[in-house]
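Each of the two complexes below includes subunit A, the first together with subunit B, the second together with subunit C.
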Partner chain A sequence: MKRFAGWTLASPATLLIVVFLVLPVLATIVTTFTTPGGPFATYAAFFGSGFRRTVLWRTVQVSLATTAVSLVIGFLTAYVVSRSPGWLKSILIIAAVFPLLTGVVVRSFAWLIILGKNGILNSTLLKLGLISEPLTMLYTQGAVVVAMVYLFVPLMILTLVGVLEGIPDDLIQASASLGAKPAATFMQVTLPLAVPGLIVGAVLVFTGSFTSYATPQLLGGEQVMMMGTLMYQQAMVTFDWVAASTIAAVMVVITIAIVLLMTRVARRLNPMAV
Partner chain B sequence: MMTRKIHPLLIAGTVLVFMFLVGPLIIVLGAALSDTTYLTFPPQGLSLRWFENIFEIDAFRRTIFTSLQIALLSTSIALLIGIPAAYALNRYRIQLPGWLSTLFVLPVLVPELVLGFSLLKNVAVQYNSPIYISLLFGHSLLVLPYVIRVISASLAAFDFSIEEAAISLGSPPLKTFFTILLPNVRSGVIAAFILAFITSINDVSISIFLTGPGLSTLPIQLLAHMEQFFDPTVASVSVLLMILTVAVMAIVERTLGLTFLAK
Partner chain C sequence: MKNVVTTVLAVSAAALLSAAPASAQGKTLTISWWGFNGEKLESIVLAPFREQCGCEIVFETGNNGERLNKIQIRNGGGVDVAYFSDSFSQQGIEAGLFQKIDPAKLPNLAGIYELARDPQGGYGPAYTIGRVGIVYDSTKVTTPITSWNDLWREDLAASLSLPGITTTAGPMVVMKAGEHAGVDAFADPDAAFAAVEALKPNVVKNYNTGSEMINLFSTGEVSAAIAQDFTLGQIQAAVPTVVWAELAEGSIATLNTVNIPTGAAEPELAYEFINFILSPEIQQQLAEQGVDAPVNTSVTLTPEQAALWTYGADLIAGLQRIDYVQMNAAKSGWVDRWNEIFGM
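For the complex of A and B:
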């Protein structure tokens, strides 16, 4: 009986994942290949439409911009946090965890108040006399990127603090005692050792941005349609479920391909792996 | 650890980053306290009337209740099946095939929007089943990875020989579970519960497809309200959610320590 103990204990969770995730998602993907027009008709329609290609390309652009900015901000901040004395580090980690645990709607809503036509930024700029009439900041690609960076920087900071704390202090000290200047130690020891962690963080942010819904919906609207908002619109507004399934399939393939590829790259680039 | 000098520019940058992180949430708090009928910051006149307004709007009262119910039920389901699964993955890893751990990563890997849409299309509509069931199991799948990860971390620190001692002394398996294992991973269970709960409460991407007339969750109702009105009610609901977040952080700090989240 003991031989099956593992299976017995794992089976309810396995069943839930298979019945409510694997099968429904597979069914969604399968239906995109069984349309009357032939197995690839829906994909031909997706990539043949200029509008949908624009949406895909825009989603890639926004996600890449979000990832790049979050990486730079997150890494430099995490570096300072990991080098801070204990009490300050606790405060900084609390300040990063708080937004992380606050919902995406609340965090996107904050930017709606800031960037709106009568928002805080516009009224401040008007008061300072820097502009003579309110700028249109909402429903632009820039607004979506700013709000997404806001969404993902805490995640990046926390991931990278964990990575930087995991780097053995002996290596940093060895580098310093062999005469390397702090900048050289950073570039030649800390940074290479952090690369796998940076890749993990980048993958989290890219896939999160690529499949996001609430932020592009609130700050981008119809003007800055992204894959997530387009999928929702096709499924729930125009009720074209084949088109929505096609977008879903494209999302799944791109997400899983990036995760698999980048975990392999991270493993290859890990200097600690022998 | 020795303290090394950090370039002043880096410190200034870090200060700016943290102002960027906390500032917008302070603005939401200020907007919620404003006595005006429109959203503004700094608040003009202090008032709690927008907080009272939340409970006067029927849709908010209903969705707060639904969200709490779904969060409580889905978290319980995830704990009920996630604790045994985490135990199996830690204790009987060699018995289990390698693909099983891959299967357990799938809820993180598959985009939430795709899961929500697939549950709507291939479970709720296809089998004409109540949408509530799809919403509930969708949320259970959403929070399951948190449960497994946190419980696994607690089990990694657990000495299984204590459990073997109890069994060899004649303790039946279920009794061993409740008297030996569970008390030892108690803080992990509490932390898993609370992290899963807040994740479910905040979810948009799965719920957006699984709500409609008659059934909605709080974040979805907030989105809908925002598209029609621009009054401080949304800000005051946001503040309620932030208060919940503070409570969650206090509990996580007491059980796992917040640094667990930086791993």
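For the complex of A and C:
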């Protein structure tokens, strides 16, 4: 009976998800298997092209780099925030969330001004005499990673603060009273207990950066094409919807695969946590 | 309470009455266009046309690609008049989205330049004409650019922006690269793309929208670009020292066309509208107010007004033309090769 009530309550949301998410995604993927060339022709074409393989590999690299850097920065920040007194904590959280109040395009555009040839960074370095010619920083893979880290760190901090706050102080004190040094307590108590938060954060950041469009478009352009920008080009400019659907299908499969992999690694690290 | 009911009834009746002229005609013209210059187009084109036809006008706005995609999704329906740059209208024609035009229904065709009347084999006419050429910042590029071949000059290293392959002007870069290599890019794409590759060290970033390119100039990222002439005014507003290069080989003509999609609900109204925007009076006003260069031969402009535009029979006769059928056929292969050069 309880089970039935649960299903009934969940059915409107489930219906919405099925109609507006599952079915469209299936319809998109089905079109890639029904081309005249045979069911796998579009995938053969995708993986047969050196350029497309480069774009895929670059997207994976950029997303993994963004996730790794965001994990480190996000975890350290969240650790400090969660150990701060109440009033300071609120200020720090507001500061961390503040960038989320502006749009993705604005936040990416800011990096155009910082990293440009006549940008803040180059002109400062020139003034300090550290460089004699402006460095080329825009329209590189590095620029995309920097901007994406900036985009996603707030998300990581928010996810982790909640998890770190949930770790009872008793455990930390118990660990100390049993003779563990602060570093050992951190490594053996705090970090393993934070794994669920780390995984949720990593999944959010990875999928967000893997599917991002505005940031690679603005800071990378054609030179640093990623899966999102390539898909836009195929769908909106060359009108090759089947090729665009193929890219979408590849993205869905890879995202699911990497998320499963992350969960699995997490389970191995901490069987209790997941 | 009674008062309230009376008031509501009176207001409803008034609303019905005021809506009556439109519903008597009952027609709505749907226009798909970019959405630029909205206020000027409203006063020059839309308000007088509404008065003439007694109809409603609604819009679909967006860039070429997005709008063409929408029309394609609806199998040519949902829009009565479609504005596109010529390379995109050619794609629409090849996808079977536009109707053939009956010239008898457009008397104003007689008054426009020959090349604008029927640029794409029986489909919509061009209502404005532009040029693709080279713009450069005269303070940074000290030796003037006078030929397409100058793009390969060493002093332009890391200072150039090209239109992305998927934009109107993108494939023209490949054709120019072919000419630079002394071949026809359609016949010998390998040589043409070798020349594109040779151009790569000069390229900072390729752009997909006019505003992106203007940004590249205003932030000092680039000092030269291949561009369409309608962007020049905006670039100069940001960087006054940017000039239009006078090229020995001539610039390339681009036309913006108006077409009637196959699924248009009001084709007769669409004909009326297209004829309206080709009339000498409307073309004169659009040119004077800096909206579109005229194709109507009877438009006369002062030298200051004309400085903005591709204007005058001599200038127009000197422009190079592009075979869009051939270009679009080659485009999809070219997109991959271009990506392999700039995206690897």
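Criterion: the second predicted complex is superposed on the first by the 235 of 274 C-alpha atoms of A that agree within 3 Å, B and C clash if a C-alpha of one lies under 4 Å from a C-alpha of the other, contacts with A are read in each partner's own complex, and residues count from 1 in each chain.
Here is the rule we use: a contact is a pair of C-beta atoms (placed from the backbone, for glycine too) under 8 Å apart; a residue touches a chain by one contact, two chains touch by 3 or more.
Everything numeric here is computed off the predicted structure, so don't read it as measured data.
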Ask   = If subunit A is used to align the two complexes, do subunit B and subunit C fit next to each other or clash?
value = clash
Request  = Kindly classify A:T54 by the partners it touches after superposition: subunit B alone (first), subunit C alone (second), both, or neither?
outcome  = second
Task = Kindly classify A:P85 by the partners it touches after superposition: subunit B alone (first), subunit C alone (second), both, or neither?
result = first
Task = Mind working out whether A:T136 is in touch with subunit B, subunit C, both or neither, as first, second, both or neither?
result = second
Request  = Would you check which partner chain A:E222 touches, where first means subunit B only, second means subunit C only, and both and neither mean what they say?
outcome  = second
Query = More residues of subunit A are touched by which chain, subunit B or subunit C?
reply = B
Request  = In the overlay, answer first, second, both or neither for which of subunit B and subunit C A:T238 touches.
outcome  = second
Inquiry  = Touch test for A:L191: subunit B only (first), subunit C only (second), both, or neither?
reply    = neither
Task = Would you sort A:I113 into first (subunit B), second (subunit C), both or neither based on which partner it touches?
result = both
Task = Look at A:L269 in the shared chain and tell me whether it touches subunit B only, subunit C only, both, or neither; answer first, second, both or neither.
result = neither
Task = Could you point to the stretch of subunit C, among 55-63, 91-99, 181-189 or 199-207, that collides with subunit B in the superposition?
result = 55-63
Common ground on subunit A, meaning residues reached by subunit C in one complex and by subunit B in the other = 112-113, 116, 118, 235-236
Ask   = Which residues of subunit C touch subunit A in the complex?
value = 65-66, 68-69, 72, 91, 95, 158, 164-167, 204-208, 215, 219-221, 331-332, 335-336, 338-340, 342-344
Task = Flag every residue of subunit B that touches subunit A in the complex, lowest number first.
result = 1-6, 10-11, 13-14, 17-18, 20-22, 24-25, 27-28, 31, 38-39, 41, 77, 80-82, 84-85, 87-89, 91-93, 95-96, 100, 103-104, 106-107, 109-115, 117-123, 126, 134, 137-138, 140-141, 144, 148, 198, 201-202, 204-205, 208-209, 219, 222-223, 226, 234-235, 238, 241-242, 245-246, 248-249, 258-259, 261-263
Note = Within their complex, subunit A touches subunit B through residues 3, 5-10, 12-14, 16-18, 20-25, 27-28, 73, 76-77, 79-81, 83, 85, 90, 92-107, 109-114, 116, 118, 120, 150, 153-154, 157-159, 161-162, 165, 169, 173, 182, 207, 210-214, 217-218, 228, 231-232, 235-236, 241, 244-245, 248, 251-252, 255-256, 259
Request  = Name, in rising order, each residue of subunit A that touches subunit C in their complex.
outcome  = 49-51, 54-55, 112-113, 116-119, 136, 138-139, 221-225, 233, 235-240
